[in-house]
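Below is one structure. I have some questions about it.
Note that the chains are named A, B, C, D, E and F in the order they appear, and that numbering of residues resets to 1 at the start of each chain.
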């Protein structure tokens, strides 16, 4: 029982009285190639958050199901059908309101688990606006992108032929493997993209160039994804983040 | 397959090409008595939306998991632990952004299914702001609170001793019965509130009077709730809303 | 001398020092059928506020002359010439600013008298934003829609053939009677609408269907309106609201 | 019949069809010395607007009863009881909304008659935001502060001993004389301030120095005010503004 | 060493510990005739600020290089190429943020030196919003338009044939002379406008009339400008403002 | 003559008529260790922009002298004296306004040269908001962080012992070398930080941990910085960005 939406208010009150870490999965509704669902980021951020909450006796708030605008070089961009972008101000307001309210209920330890790269700066802005507003309550907030916790040993096992870096890992080996681990029924294995990596120049254009982005929407091949790799990463991410959470809170 | 978050982008594109009605469940994270979970409004709005989408070949976007501020006379108010309120501007921005983006993808028929009474005016404001922005695209939008579709025959069956009116039906017979029908494992039958109805004066006070609201958080007794009543309402709501959707779109 | 705009600053200061209830009439510029002026909501909210202020030694601030967007099912909607709608954010900002400033001057008891149904949620939002901002000043605020104070005995006298409910009472018997009582020269008796009641479905459409709304702009017949009924309601509303104000403040 | 709030919607529609100039008096709730009411700016802007509307067949919208923040050197400042300041964004939003809506109804000629010095830049901002939004509708808007129309011949008659300039004319000879002309019952002749002019340095301080402002709230003596001077100015202002309106529209 | 942007953080810290006056030049990117650069207002406000800082041991923050919308009667208006206007809300937010941050670092004496007439009200709004936010920190803020410090003796020397008033002094004798004094290489003496003064009516029109404004962009002749007059004004402005700063802080 | 602020309006008009690329340096006022000035980011972004403009016949707008909030892991964070942070909404509004205005003047090719890492997402948001607003004008916008153009050959020459990555290059070898190249008088060589690199965990904390950041404010040693390395990078950055600009525009 870690999901706040599943608790009645007396149950929530009892839990908050024990000063739990409250996790907020920050997802998106964004194209993830022909083989992964539009909700991938929210699904994975929620799964990661749940694992952490279970380990540390924390709680998980409902995920932000929509996120900041998808960019070509990290998420494929707005032109893919289904990618549903929020304005930066909307994301920041949402985060600020959630913090204000949780702090009002007595929560003093929050952790935003970002599952959509483009969210991070607007989640940060929302946190900063909230910190300014709630003042001297002693609340402390962690914000993380879960993939940043990947460790060298994991990289070696998941990317035996070399890690292309997080930048291209949209709808690719990490996310596909994690989905195969957490929600395999949501992965269309027959549609796994297997093409060359996107090769982006060191700048952005507006309006974006569609031809920069592989037509599949994945930024590199997802062919090497497996459920086992997903399990390896899921466990390592959980362990590493749990260690960080314990260290900080 | 009606949930957009479960579709890949090519699947979404194919569906949108058929000009579906896209439903947006508008929930909240709000106390619902000692027997129902905080996520009740999002759960029920999603369940109702799913039923409609299945009947009309529509799609369902991820629910708004947070809503406008809970008021004492309709939702018990902010003082109940867990009730997590958004500012009006945040709700309106969220709705406006969703519409802008769906319209950009070619959606021309949207239906906001409100499951949290306090949401309705800020969802309306978001719709109005979006309509102004998207201009002459021909998009048409329906907004409804599902309980408003209750029909006399249903009232007779669900409330044989008289219908107290929708106003007090927070965490009471309608919502509890629907939860017993849709998600019975989420109902704590042993904690069903059974007290006299709240008796509110015809005005609001700020800061609110906590003593106006029963300490359970339910505004009237939920004791008469049954899964069967839930089924009756769920089916009638679905049929009536489906008829309305077909008439309008 | 209850109108703040008629007082000099030393007079206002002297009055505020006695800790008065300060009333804020919240009107609109909105069609009210062919027989009532566009300013009806502001006129009636001001008249009701004045009566209360006189009874309790209160003050009345200048009315909000413009209000939130008129909706077809409660006010006929935006398509009637003259209906001049404010955005929700504008209404909320206006209310928040007024409260902030009155609190700064020492006012601790405020009452927003809403005369335009659509205003209520954005007035509420403005109050909530102000309460958050002014903090621990001890200010208390009441918000009411005056027609909600109608009592059974009054209903019997004003609606001997049955009360259709407040929902359709736009530019109908209540408002027309009150105008005949307060400002009879503003009522065009020769243009009193006398048609069947509007019959609205339980949802809203955007853009709105104009054909849902009677072409007169009134939502039901106003033919039964009389000055005497206006007097009966005006007195009962005043007495009931005064009692509520005294009870609360 | 020039006041929009007094017209029914069919009357307004008929008038707007003739392409009238629609005037918007922009007032304030602000101290005006011990002898003039807090609502002076709205009263005078409305009176001036009414005179113009009658002369040119125009219409007058309800006055903005609240305005931008009173400044020490032009209005005495915020510390006087009763002065009720709006944020700049609120004033601009209000003006933008009013224009958007009037343009929607077919109005193409608007005139904002500012009666409160501090309003002018935020009214200007609201106009600019609206012009950007309404685009190529052909609407044209005039904005004026009525006292800027004073002519040398009038100055000679009203200020035989020399015109101190508009800067100090807050609650002084111009406004007091105009009130004696338009609404003499609102002037407390026994409390007419008669002190030396304020002598302001060429800068502003925040928080403001209260000692800069005469304790009466008037910035210079109002002793020389007479109803006759009020009449002279009222007539000249009307004639000059009417001429400008005719020239422009 | 008065420019904050040239200091390292330890140098800034050391300086702020001595409680300096921190000056903020508020300029614009706006046409200034055919002979002066678009950056004139920022250049002059910076030069004036630097002189003051040197005299009082103060600091100068980087200038606001963009300002509020240029108006025809004070700056020629938006239609001149290069005039780059900010919305009022942007200017106010910028000013509010700067104050919030400087106060956070320990600054308690700020002075906004406005070099662009149209800035003043939005700088004022930003200051007011910041004062509300920073609360009881004891910070005090001055805001000035430097030309308002011109003294009769200077007027006699600079305008031997009579001072047309600050209103028309856009890109005219004052600004051109000051530029000849401070940055002579930026003045195109061969393009000095020498035409009759603009003759504006006492109102504004939107969209603005371009024909009201001389085609040069200067509002009156700049022919009488000299570096010597610039020196006279620069020194007198500096002395007078320094005296005011010393008196206030 | 590439700086817009130095041009008169006819000169700007003539230049814009040739369809130039208009560059906008996006800096900050942020600590850069004990050896570099607070204005480093604006200085470098301006210098880079100037080089590009000279090469492609472009124009450079005045730099944004203030930027988004400094973060511990990329800029040391807010606790260093002098770091003057803007809210995200302020940065985005500023960028949106600049684009709207430049587009209005006929500019169709813009390039935002970001010199402050934290700016990039809010500059992006401002660009996106502007693109939505200006619609079908054909304007195209590039956004870049100049250090991302560093090429392997340059890395080998500047970092013979290995490139620690851009992440830690705050006030370190890249920025210090570039300052030694462009503005050597602004570098305090005697205060060059020479300590171990910061070692950040893969998450952020709010409020930030000050002990994560070296007390100098630099994130790694700047000792290896030389003017020659600055020249090498300056030339390569210019050449690479010029090539990109030519390719895109």
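Just so we're on the same page, a residue touches a chain if its C-beta (ideal position, glycine included) is under 8 Å from a C-beta of that chain, and two chains touch if they have at least 3 such contacts.
Fair warning: this is a prediction, and the values are worked out from it, not measured in the lab.
Taking the mean Cα position of each chain as its centre, A sits at the greatest distance from subunit D. Over half of the residue numbers at the interface between copies subunit D and subunit E are found on both sides, making the touching surfaces mostly the same. Spacing of subunit B relative to subunit F, judged by their CA centroids, is 47 angstrom. For the pair subunit A and subunit F, the distance between mean C-alpha positions equals 28 Å. Subunit E has residues 87, 89 in contact with two or more other chains. Within the complex formed with subunit C, the subunit D residues making contact are 3-10, 12-13, 16, 29, 31-39, 42-43, 61-63, 65-66, 78, 80-87, 89-90, 93-94, 97-98, 101-102, 104-106, 186, 188, 191, 217. Every residue of subunit C that touches subunit B in the complex is listed here, in rising order: 68-69, 71, 87-89, 92, 118, 121-122, 124-125, 127-129, 131, 140-145, 148-149, 201-207, 244, 248.
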